Each structure stands twice: as structure tokens, then as C-alpha cells.
């Protein structure tokens, strides 16, 4: 029983990181119709930037905020100067975002080397919590709580604010949104920045439990895809549900079928594709 | 109409002449080039076929696959495993590999073709990563990260080995040539014509009575089989197979070759393949940072040559014709 | 037997009733005009007949054969052809290639495999003749996106007619044509042999009344009236909702 509970919590906390990543991917796609392959880099660079800030300042909060904001800025630059001109042109978008994925991957290797880096947990959550007769690391519980808070914030942003209303209008019909006087151009830039911010957030938050290592960019990009394929591109609900499903599947898959770990994620993905090609919460 | 006929016959005669010239040059190359440069030519031939096979999907049918290396790699692993573990000859291993690739493409195609647009991009990439995951994770079969070393060069018959550079080059040239001819024939046939129609308007094709799904499915499998031929030959050439063969980098690289050369032209992607292979060899002599270089090329191509080298030449000619 | 028989067709779009219990029969060789104000459901009806949308309920039969659940391409193969309200061409292919694709679809002379691999030279002659008839020969080598809008509209009709359909659905065949082009299209439609049944949505009443045998009037998704040209002209309900408002 304890085993199952611990593994489930591991899966859920990992799922929350995937949610952070996938919500950005999904948001960017939903509003701008861009499949952002650089998203994995935002996650990885977020982790490395966080590490640097943490080493310099010793503050975990500063690491999280500083790294995520820096990545958001990088995202904004990419959107403004490279993606803006390819609005709704799929192949050039793929080329540009692939290009940055490779460039950032190589730059990260140059700066931080090929070995995995570890990130210490913030002191406040360094210990373990005892409940129901077993110990569980507080930091993982913190991730779960944090992920839920971000989800709640995004929901509020989407459904309860003026910005959210503009977003929904742009998703439904860009031309009408423009006609209503919404500054779609600015909105796109902000959305891309927010998406990058969320990915970086996942990278820094995940650092203490997963480490920061070369190749993580490609790894999480792929998992992010699976999350949005299962949940549906452009759906916040889908990103949360998909994130949790993939987090749990990945965790239990690695425990029970270590040789075929990816399979435990892809088999359900294939199943959902066969039944609902647009994902569980996606729109046709 | 008559003028157009005359024009096209001049054009087709020109193409025939070019083709014969190419064959002649390729035939004498082993006498002119050192082993290293001959190897480069072989790589170019292999990646040209690989890129052309992807062009059938991207340029002709309008389906951008981000996981085309899956088929390249599956065939490479298939010949590798059959030759090393079961000691199959090239005559049985190569056809078997192509059948295996066709089977994998059938399965992947059934899934991927349920979607379109960005979902299709994601699914094809994700499915290719499944293949990569198996190659990487199933160590007892595939050797995992270490790959399959010591793949023997094929023997055409007892005591007729292709271990030497020259015979092996001609073996590759022959199969490549056959593959390229077949693919070109297919692309210019009514089948390839229908694929171009699908690229332009699926709804109109349906209204005319074309079973669009079936055409796309067939194109998906055909493209995979030709990618598989390229992959199997690459395995024989390198005498080694590793998970890199079906990784996302390979898929992205072949995509770049197609667009850099000019999607929808077949010859363009072959040129794109030559450029990338040569560039990679040139750059790797100076720096280890190939990823930064090629990443920059991706962005430059998107910014400055979205229609590729062939498109560039066409625009240039059109402008000159006008002035 | 009716060429086309529509029974109790309904269609909802997210709660909005676009068509409600529409039934009618079209006799072989008939020219049937479908009219109705904007939003009457005319194009929705065409899309359901052609198989682009599924009906929420009801049945469609082509020469007695139930086609309700057939996909669009299968209906096309049974001889049901259509034009599009929003011009739908192979825009980056040449005009000639557009026509060849249409002819190739109906080409049944060779075995299926050969048909996939071998270009039929007879099709080229057929395409040339069609282009000459529609006065598009000089544009044969131009990309479809580069010809005028009126020419694109005509090419759209040409493609639908090139497959030698048994039943032809024309969605506003003269909309967007120049004054000079309308008579040619009218003449071509008039000369269409009677073994083709025609259903036509048309706003130009001169064209419509001249070609039509019978008229079906839709209003707010329902069938309002049906009859010959005289009967519809004199129908006070129709005059009120449609002709009067124009």
C-alpha cells in the first residue's frame, strides 16, 4: 500500500512539472497556432539559469523568478524577430523552432558540459513529512501544491480576467479580435513569453528532483507532446489531465517495465488517437 | 499546343542527356576519388534518396512528417539484426527489412493519418521516438546505446564479396539508382499527380471521386519504404547501427534537406542532401559545434530561402526573363 | 425512379437548426432550382447531399440507392458531382492540370494499377477540347491562382462537369462572373444533355427561371414551397419572403 502511495505521489509530482511545460505549449498553440519545438530548450535553459542564480544568490525564490523571467525574455525575442513574420506558415515555424532547439542544446553543452548537474532543494522543503506511517519528501508535495496553484491562476487568467477574454476571442477568431480593437500583436508576444515562462518554471522546479542534464530538452518536449496529444492542444484542462496521466504512466512504467518505459506512455496515446484524434479535451 | 510539345520534348531530351551524363560521372568516380571522397559520394547518394522519399510526403502530398527517420532506422536495425544475429544474406535481409518497414509504416500511418496539421507533426515525431525508445531501451536485442557493431559488408554470392570500396560503391549506386528512378516515376505518374492535387485541395479531390485517405496512406507507406531502403544501405555502408539512426535529429536533418533543396521538386531535396552532407564534413573538420551551425542554417533557410535552392533558381530565372 | 430523393433531412449546428425535415424528389434529367433567402439552408443542403456534412437525421438516395452514409468520394464515383460556393481549385497547379485531375478521376479505361502509373494521352486531348469550349485555352499553362476570379468560377464548374456526372449540384454558377461571361456559362448549362440531372442554387433570377423546370423554396431551414416556375412566381408566400424582399 505504502509503495503504491509513494509511487503515485511521485507520478503526480512529475505530472505537475509536465503540466507546467505542456500548459505553455498548449497556450502558445491555442492562441498562435505555433507548434513550438523550442519549448524543450526553455525548460532546460530554465533549469540551468536557475542553477546559476541559486549558486550566486543562494535564494531559491530568486532562482525560480529570475530564470523564468530571463527565459520569458528569450521567448519574446524569438517571437518578435523570428516567428512573427511566419504567422500561420507551418514549415518555416518548424524550421525556426527546430533551429533554436539545436542551437540552445549545443550552447548548453558548451557552457555546462555533458555531465548532469544537481540542484539542492530549498531549505524550507528540504526535509520529509511523516504521515500514514511513512516518510515522503516535502519538496515533492510542494511541487504538487505549486502546480495546482499555477493551474488555478491560469484558470482565473483565462476565465476571470479581461486578458483572458481577449485570449479567448483571439483563439476563436483572430480577425474579429482585431476588429474589436484587441492588440493581437502584443497579445501574441505576451502569450509566447508566458508560455516560455511556464516551461522554465517547470525546469527550475524540477531541478531538485530530476537534476539538470543535456538531452532533457528533447525528453520533455516529447513528453509535452504526448501530454497535449492526450489532453488536446489548446486546452488547459487537457494539459492538467494529460500531465497527470503521463506523469503517473511514466513513473509506474519505469518501475514495472524499465526496458520498455516509453511504451507505457505511447500505448495509451495511440489508443486515444484512435478514439479521439483531437485529444480528450481538444476541439476538432 | 504544338509549341509546348516541342518545348517539352527539348526539355525531356535535356533531362535525358543530363541523366546519362550523371550516370557516366558516377561510374568513373571510383577511379578519380580517394576512399574518403568516395565515401562522401555514397553518403550523398543515400541521403538524397532519403530526402526524396520525404519529399513525396511534404512536397507532393503536403503532409509534413517530423519522424521520417523512424523508417530509415527501422530498416537499418532490421538488416543489422538479420545479418548479425541470423546471418541472413543481403538478398534476404534487404527485402525482409523493407517488408518490416512497410508493416511499421502501416501501423504508424493508421494512427498518424487520423490527424492533420500540427497534430500530424507531433504524432509523427512521437511515433518515431517510440522506435527510438525501443532501440535505446531494449539492450538485449539492440545493444542499446552501443548499437549493433560489426555488420558485415554484403556478399552477393559465395566468394563474391563487396568488402572492397569499388564493388561496394557500385552495389550502392545500382540500388540507389533503381530507387531514385522508381520514386521519380511514381512521383510523375497519375498517382503522384493525384498526391499534388491532395496537397492543393483535399475537398475538391473528394468531390471528384478520389479516395483521399487511401492515397495518403499509400504515399505514407511508399515514402517509408524508400526511406527504409536508404537506411538499410546506410547500415551496410557504416557497418554499424545505433539509436541515432532513428533519432529526432535525423528526422529534423532530412526535413532540412528537403526544404533547403526545394520541396516538391525531388531533385531539390537531393541537392539539399548533398549540401548538408558536404557541409557537415567540412564543418566537422574545424569545430565540434555542428548543432549550432546546423541550427543556424535552419533559421537562415526559413528566413531567406523558404522555397529552397530550386525555388531560388526559379525566381532568379523568372526575374531575368522579365527584365 | 427519382434521380435524387431526399427524405426528412435535418441538420443541427450546435443547437441551431439549419435544416428541418426537408423532403423532395428530383426526376432524372430535371433542372431543379433551389432558392431561399440567406440562411435558408441551401448550401447546407448541398453539403449534405454531396457528403461534406452528415445529416443529423434523414435519408438521401441517388437513383434509388441509399447514399446517406457514403463518404463524399464514393458519392462522386456514383455520379454525384458538385461545384463549391467558395471557389475550390488546385490553385498552384496549372489550369490544364486542374482539368486533367478531374478527367483522371473518371478515367476507367486502364486497370487500376496501370491507371495509377500511366498517363493517358487521350485525356490530354479531352482536356484541350474542354478548355477550348470554356475559352480558357490561352490560360492552360497558367497557375489557377493567377487567372481572373470569373475564370476561376468557370473552372470550378468545368471541373464538376468534366467527370461526366449523372447528377450535378451547382452552387451559384453565375456569381462573380463578369457580364460578358454570364451568357457563355448560361449557354453551356443550357446545352448540357438531359441525361444529366441538375440541382442549382442561384440568385440571378433571370438565369434561374430560364433554366429551371421546377423550383424548391427553402426558408429558415424548412421547405416552404415546390412547383414549376409559374406556380412559384405566383405563390404569395414566396413573393412575401423572397421575391418581395429583393
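To keep things simple, chains are lettered A, B and C as they appear, and every chain counts its residues starting from 1.
Basically, contacts are C-beta pairs under 8 Å (C-beta built on N, C-alpha and C of every residue); 3 or more make two chains touch, one makes a residue touch a chain.
Everything numeric here is computed off the predicted structure, so don't read it as measured data.
Taken chain by chain, the contacts run in an open path, each chain touching the next and the two ends left apart. Farthest chain from chain A (centres taken as the mean of C-alpha atoms): C. Chain geometry summary: the mean Cα position of chain A and that of chain C are 49 Å apart.
Taking each chain's centre as the mean of its C-alpha atoms, chain B lies 42 Å from chain C. The geometric centre of chain A is 33 Å away from that of chain B, both derived from CA atoms. On the chain A side of its complex with chain B, the touching residues are 29, 33, 35, 82, 86, 89-96, 98-103, 105-107, 110, 218, 222, 225-226, 228-229, 233, 258-263, 266, 269-270, 273-274, 277-278. Of all the residues in chain C, the ones that touch chain B in their complex are 50-52, 71-74, 76-77, 81-82, 84, 88-93, 97, 100-102, 104-106, 115-120, 128, 141, 159-160, 163. Residues 1, 4, 185-186, 189-191, 193-194, 196-197, 200-201, 203-212 of chain B touch chain C in their complex.
Taken in their complex, chain B has these residues touching chain A: 58, 64, 66, 111, 114-115, 117-119, 121-123, 125-127, 129-130, 133-134, 137-140, 248-249, 252, 255-256, 259, 263, 289-292, 294-299, 301-303, 306.
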